[in-house]
Amino acid sequence: MSALPIAQAAAEIDTGDTAWMLVATALVLMMTPALGLFYAGLVRSKNTLNTFMMCVGAIAVAGVVWALVGYSLAFDGDGSLIGGLGYVGLNDVTFIPREGTTIPHLLFMAFQATFCIITAALVSGAVVERMRFGPFLIFVALWSILVYSVLAHWSFGGGWLAAGGTLDFAGGIPVEMGSGFSALAAALVVGARKDYGRQALLPHNAVYVLLGAGLLWFGWFGFNGGSGFSTGDPSVLAFVNTLLTPACSLVVWFALDLIRGRKVTAIGAATAIIVGCVLITPAGGFVSPGWAMVLGAVGALPCYAMIVWRPRTRVDETLDVLAAHGIAGFTGILFIGLFASLAWNGIADGLFFGNASQLGDQALAALVTPLYAFGMTYALLRVMGLFTSLRATEHDEAVGMDVVQHGEEAYASGEGAILVLPDADGEVLVADPS
Amino acid sequence: MSALPIAQAAAEIDTGDTAWMLVATALVLMMTPALGLFYAGLVRSKNTLNTFMMCVGAIAVAGVVWALVGYSLAFDGDGSLIGGLGYVGLNDVTFIPREGTTIPHLLFMAFQATFCIITAALVSGAVVERMRFGPFLIFVALWSILVYSVLAHWSFGGGWLAAGGTLDFAGGIPVEMGSGFSALAAALVVGARKDYGRQALLPHNAVYVLLGAGLLWFGWFGFNGGSGFSTGDPSVLAFVNTLLTPACSLVVWFALDLIRGRKVTAIGAATAIIVGCVLITPAGGFVSPGWAMVLGAVGALPCYAMIVWRPRTRVDETLDVLAAHGIAGFTGILFIGLFASLAWNGIADGLFFGNASQLGDQALAALVTPLYAFGMTYALLRVMGLFTSLRATEHDEAVGMDVVQHGEEAYASGEGAILVLPDADGEVLVADPS
Amino acid sequence: MSALPIAQAAAEIDTGDTAWMLVATALVLMMTPALGLFYAGLVRSKNTLNTFMMCVGAIAVAGVVWALVGYSLAFDGDGSLIGGLGYVGLNDVTFIPREGTTIPHLLFMAFQATFCIITAALVSGAVVERMRFGPFLIFVALWSILVYSVLAHWSFGGGWLAAGGTLDFAGGIPVEMGSGFSALAAALVVGARKDYGRQALLPHNAVYVLLGAGLLWFGWFGFNGGSGFSTGDPSVLAFVNTLLTPACSLVVWFALDLIRGRKVTAIGAATAIIVGCVLITPAGGFVSPGWAMVLGAVGALPCYAMIVWRPRTRVDETLDVLAAHGIAGFTGILFIGLFASLAWNGIADGLFFGNASQLGDQALAALVTPLYAFGMTYALLRVMGLFTSLRATEHDEAVGMDVVQHGEEAYASGEGAILVLPDADGEVLVADPS
Amino acid sequence: MKLVIGIVRPEKANDVLEALYRAEVRGVSMSRVQGHGGELDRVETYRGTTVKVGLEDKTRFEIAVSDEFVQPTIDALCDGGRTGEVGDGKIFVVPLERAVRIRTGESDQAAVTPVAK
Amino acid sequence: MKLVIGIVRPEKANDVLEALYRAEVRGVSMSRVQGHGGELDRVETYRGTTVKVGLEDKTRFEIAVSDEFVQPTIDALCDGGRTGEVGDGKIFVVPLERAVRIRTGESDQAAVTPVAK
Amino acid sequence: MKLVIGIVRPEKANDVLEALYRAEVRGVSMSRVQGHGGELDRVETYRGTTVKVGLEDKTRFEIAVSDEFVQPTIDALCDGGRTGEVGDGKIFVVPLERAVRIRTGESDQAAVTPVAK
């Protein structure tokens, strides 16, 4: 891997922007374990580790695949459908900033890597408590290329959507709609848990859910605030909106909970935080703080409706990735077309400010992305299903994925556990406790 | 909402300072969920979610109220008692830095918002395990205006205390004394838990408490280090002192625990971290690292004494907000008057370095703030009590606030839970498991 | 403590670099509570708090000792074996940057303090579940001077290793090998837990372990990325490698788990994250991203082997600090000698790029450090053992360290707990519940 | 009166409750237990430590009933708890000399006969 | 000898322990159980899932006593556990054929009669 | 048939299981309990709150056996559970009128006699 002289690179780099992007990258990587905690709290205790491990597995697999090929396909050149292979194996990814950025190219790549990782991890929410771990890892590897890299290229990497004028500040297209509609497909192909719809399957630790949501929000400041790749105004606007929008979503969610069940729920609040962060993800750097607050309030409605309605169907999209990410991302993308404001983003106005065409560009993305994400994921899993069984047996599902898939318990007491002592030659003797 | 031309704003902004303030803001927001975890660990398991939710509720309500009016009242203009309405609804809060700062005004507002949020959340510690959730949310909305915004204006927003020369680097007045003495008032008005003083009410998860304290400390680096609104010397001094002071408080707390009970306690250590961070909050940017260490050691004493003494009284100020924040903030404010050093802060010396008047300015704040916070909070809750009952019934308290207030359990097993299936028309059928 | 005029200092300081180093310092401090969580999850529930408290104790004791003397011994002057006393009590540690850095000296000191703290905390992993808390605190105080400060001076502070050309970007020598081989010595002197090797002693909460590992990784970006003391290319390279290397270690660990037990384990994955971060710690700023990925993959092997083999021995190095830090650090240090690349680090090539001598320099450090760390720690604990018993009695070990050492339970239910009411005079009456 | 103790699979607990409900057996106490029976041990690995675990999670029902309700109760436990695979569990019937309802102090039949509620 | 089993509200557990202490009943074992009785179900909601929960947390006491201590033990459980509202719980008395103190191997009365301690 | 209830120290639970295994007692159910006996209270402190805790964690074994297995079972509990210090625990033997294996519905001896497995 060749690297141009250090000095030359340094020239265009801004230390402040670089400082912020270093932090933003670390924050977004932290989001994936935080998501693991959030998801782990939402499942039954016997599936705790398996659920968390799907997120860890995504870091490992999507992280490596991204460095090897994903980044290149998404960000090399401006082909309209897919990027090139110039950056394969991180070739030519050095300290020299990419066109129009003030941070080392290598850092830009790492920041984008954390996006691919968490998006793949998000999809796991649709298939927890039943999908086998091995097939899931393979799915992540293929999905991150076939779906994520493609959508990232369309919206971020100079692909046809970006070129066509569609605005997506921090990933409403590849991350939110990409994960949400892929989750729906995954849930349909993998199928419902055996007890879905006939037994109560409850979150085993709501504190994990609340803490996980808190850490996700924390990380989202890097996710949205870093998507300007600098400390410039758009970044600051997206950052501040990432505080205002979820706050409004929370207030509205409280109200909806009260209307529906006369009680404000904690799991609901955690969900509202995620929904708020997702709503502002695409719009963050394009709408005024005031409109961002409106988005948080209004955008919560369709997501809430979907979360209440989905469990009445046969679709066991277990952790509601579609509602919290797909629908929220969809809403945020359209909202740009309505209320983007040139005065704040310096790029384009929305319909409300007299620019109808922007809404068209947004609607196009809101139409195409779900179709592509759903279709490709559906096909991918169907094909995988021809070679291996995607889900655990009913018996294994009953025993629990932690013991069956990982040979561990999340909360082991050690009682009744007999130590197996392999001697030096690896031959096995059972310990004699006496 | 008008925004001045981007370019013009950019002029005075420093990317390094902005980078740091973006991070500091995210860190302080993260402190509130961390506080939720800390508090949740300190209560009984049946009140876990309600306790955590009070912090989440504070983010939602205080966050929105701050953006709508609180910020304006605290930071618009330099009226001596209260700010103006110029920034209501974030009007005129744009990218253009405030006088004397090098970061976008919008970011400054967001940073201050996170202070208001966590301060409101802190007060909940006095009323957990019995106050009803609805009234608490209303309390937060009113309190953040009547108490927080006012004190913030006095000390930060150019109000009479700041104008009079009182020094408060990161919020000893509005945040620490403000929350601590309000907590005392809240505990008195809401009243003690029914079993207080006759049964052992123990922390149900000390790991949450330790982790929460660790995350709070982490966030406090943004809290204190960001209160210089730049990466300048005062910020760096406050930041480094935020490492040194709590370390010393910990050592002294260990010693006091040993003397008292011959054992160093974990809950005590977590408390010492908070106390140390609070002690240095007002003084961070004004005293030398050496004196900061002395503050950590000496300042721990009154707080420890209060924590040991308070439970012997009839006052069920449940999580000792008064001791950990009120008393510690009070101590830190006075300490400035004694040991502030011009050589380090470039602003003023304390009595010890020959400037007696500074001690007077500090004493004034240490006298007035507790009176105002206590009095206003007491009045506010009394008035609220005329319209609604602030606390749950004895029966509900016995059952637990999670089930009663939120209709959830923190640690649900699903055993004995029968799924209720609303069909498409919303009519309810009970699932027939067979 | 004298401080030079503020203005003068400001001159050489870069706001972007300072912003990043403020964050990096906070991140590394956060790693110690995260380590506490990680370790607490790996022990039995009756030892949860004691294990976490050893990390908290390290923050307190090592933090204070560092400020008083440790920093001076490590970083004052360039004596070949040990530093001077010029910075004792933080004397002369002001805002003026150290030679060759662009951040306030005070901040540099704080950043280094967090390294000393976590290294001392790491060693506790070898003696948890049995070592008495008091002696451990004393051990930390002495060890941080006798072992850490010395090794830090050799590798970072201008000591003989650094002077001799040994490269260590972020602490493979003082932190990783220093803690790993000291852990081995500590395990040997303190001795095995009474049930070690005859009963199953299992991790009581694997979620703590996974979350702890996630937070440690998050902090490690500050740990490695901050070790360039700027936002310059070496820092960025180390930062990005801190993402790539652990991802590769995870993938390989998954494979090794599958080969060994036909199941990918969660505890294993958490371990792999730590191992990957440690592997890249010394090499981060010196090897290309491609080679960093190779390091992650290949370096995992010896660590995995050690973790499988160690429990078959009589050595109860309980949490495998030697394998995860000692061996991984050792591997990383040598890897620099093989694959360091001038094109990326601007300093030196490794053997693979034609510079054999570098491998010699690295091998020297890899040989001397383990000997010094092991020998000095062994001697220190032996001597301490002459004055006090280092470990709890068998009975106390059976009861559990939380109750015995701290007088607390991690998960208290309050059932069967009778409140003891000291009246005003401190005389004790038992509450009469009625 | 008898005290019927039933040990079943946790995943069958709700089915058992449903069956008991249908049999009009109202009063029930249940708890988590770990059981060892005919099932095979499973192997778990934590880092270098490998263990054989011979205990399975089970749910224990404790049901006090008047004599005529013993058989219906046993049937309910069997119907609700059976999967046909090893590990379904056991039912134990112990003589019950006295039963008292704490709220009222009333004794025996009154305290257990479901119809009385 | 009898084995007295008492099921009470968790929040009353300490009061019961106190009452037993006063009655000089020393040996006690207690555990957490979930009970279903005459109480009303409560409704819980988790996102789109609504459930009816018919189980209440209870604390189960298991107390082996010599015959003359049966009544005092029952009284203690009633006094300590009563609130008067549905859900106070039940007491069950089961015949106890043998009791052994593991530490010494001594049997029966010696192992349970409180005074003997 | 008898129902043997044994309460031992948690740290001895595995030794007891081993001893039962050697005695060829196969079916066992165990659970966590908290016990109060002759042991001294311990003091715990949480901030300003000091409490006396009179309960120790114990492990409760519940074992249904045919008559000839009662003594071996008791011996196994004693051997595995004894440390000789106060707190070792107790064994209680209760008459067992009926035992049913849920999987097959077969009753009594067949359901408990270990050899039958």
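Assorted remarks:
Note that the chains take the letters A, B, C, D, E and F in the order they are written out, and that residue 1 is the start of every chain.
The rule we apply is simple: a contact is a pair of C-beta atoms (placed from the backbone, for glycine too) under 8 Å apart; a residue touches a chain by one contact, two chains touch by 3 or more.
Note that the coordinates shown come from a computational prediction; the quantities given were computed from them, not determined experimentally.
With contact taken as defined at the outset, chain A and chain B are each touched by C, D, E, F.
Averaging C-alpha coordinates per chain places the centre of chain D 17 Å away from that of chain E.
Measuring from the averaged C-alpha position of chain C to that of chain E gives a distance of 49 Å. Computed from the mean C-alpha positions, the centre of chain B lies at a distance of 43 Å from the centre of chain E. Within chain D, contacts with two or more other chains are made by residues 14, 17, 30-31, 34, 36, 43-46, 49-51, 54-55, 85, 94-95. Counting partner chains per residue, chain A shows two or more touched chains at residues 14-17, 19-20, 23, 27, 199-203, 205, 261, 263, 265, 267, 312, 407-409, 412, 414-419, 422, 432-433. Taken as a contact graph, the chains are fully connected, with every chain touching every other chain.
Residues 1-3, 6, 9-10, 13-20, 22-23, 25-27, 29-30, 32-34, 36-37, 40, 48-49, 52-53, 56-57, 59-61, 63-64, 67, 89-90, 93, 95, 104, 106-107, 109-110, 113-114, 133-134, 137, 205, 208, 402, 405-414, 417-419, 421-424, 431-433 of chain B touch chain A in their complex.
Considering their complex, residues 10, 13-15, 17-18, 30, 59 of chain F touch chain A.
On the chain F side of its complex with chain B, the touching residues are 43-51. Remark: chain D residues 9, 11, 14, 34, 36, 41-46, 49-55, 85 touch chain A in the complex. The residues of chain D lying in touch with chain E in their complex are 3, 17, 26-31, 62, 64, 94-103, 105, 111-112, 117.
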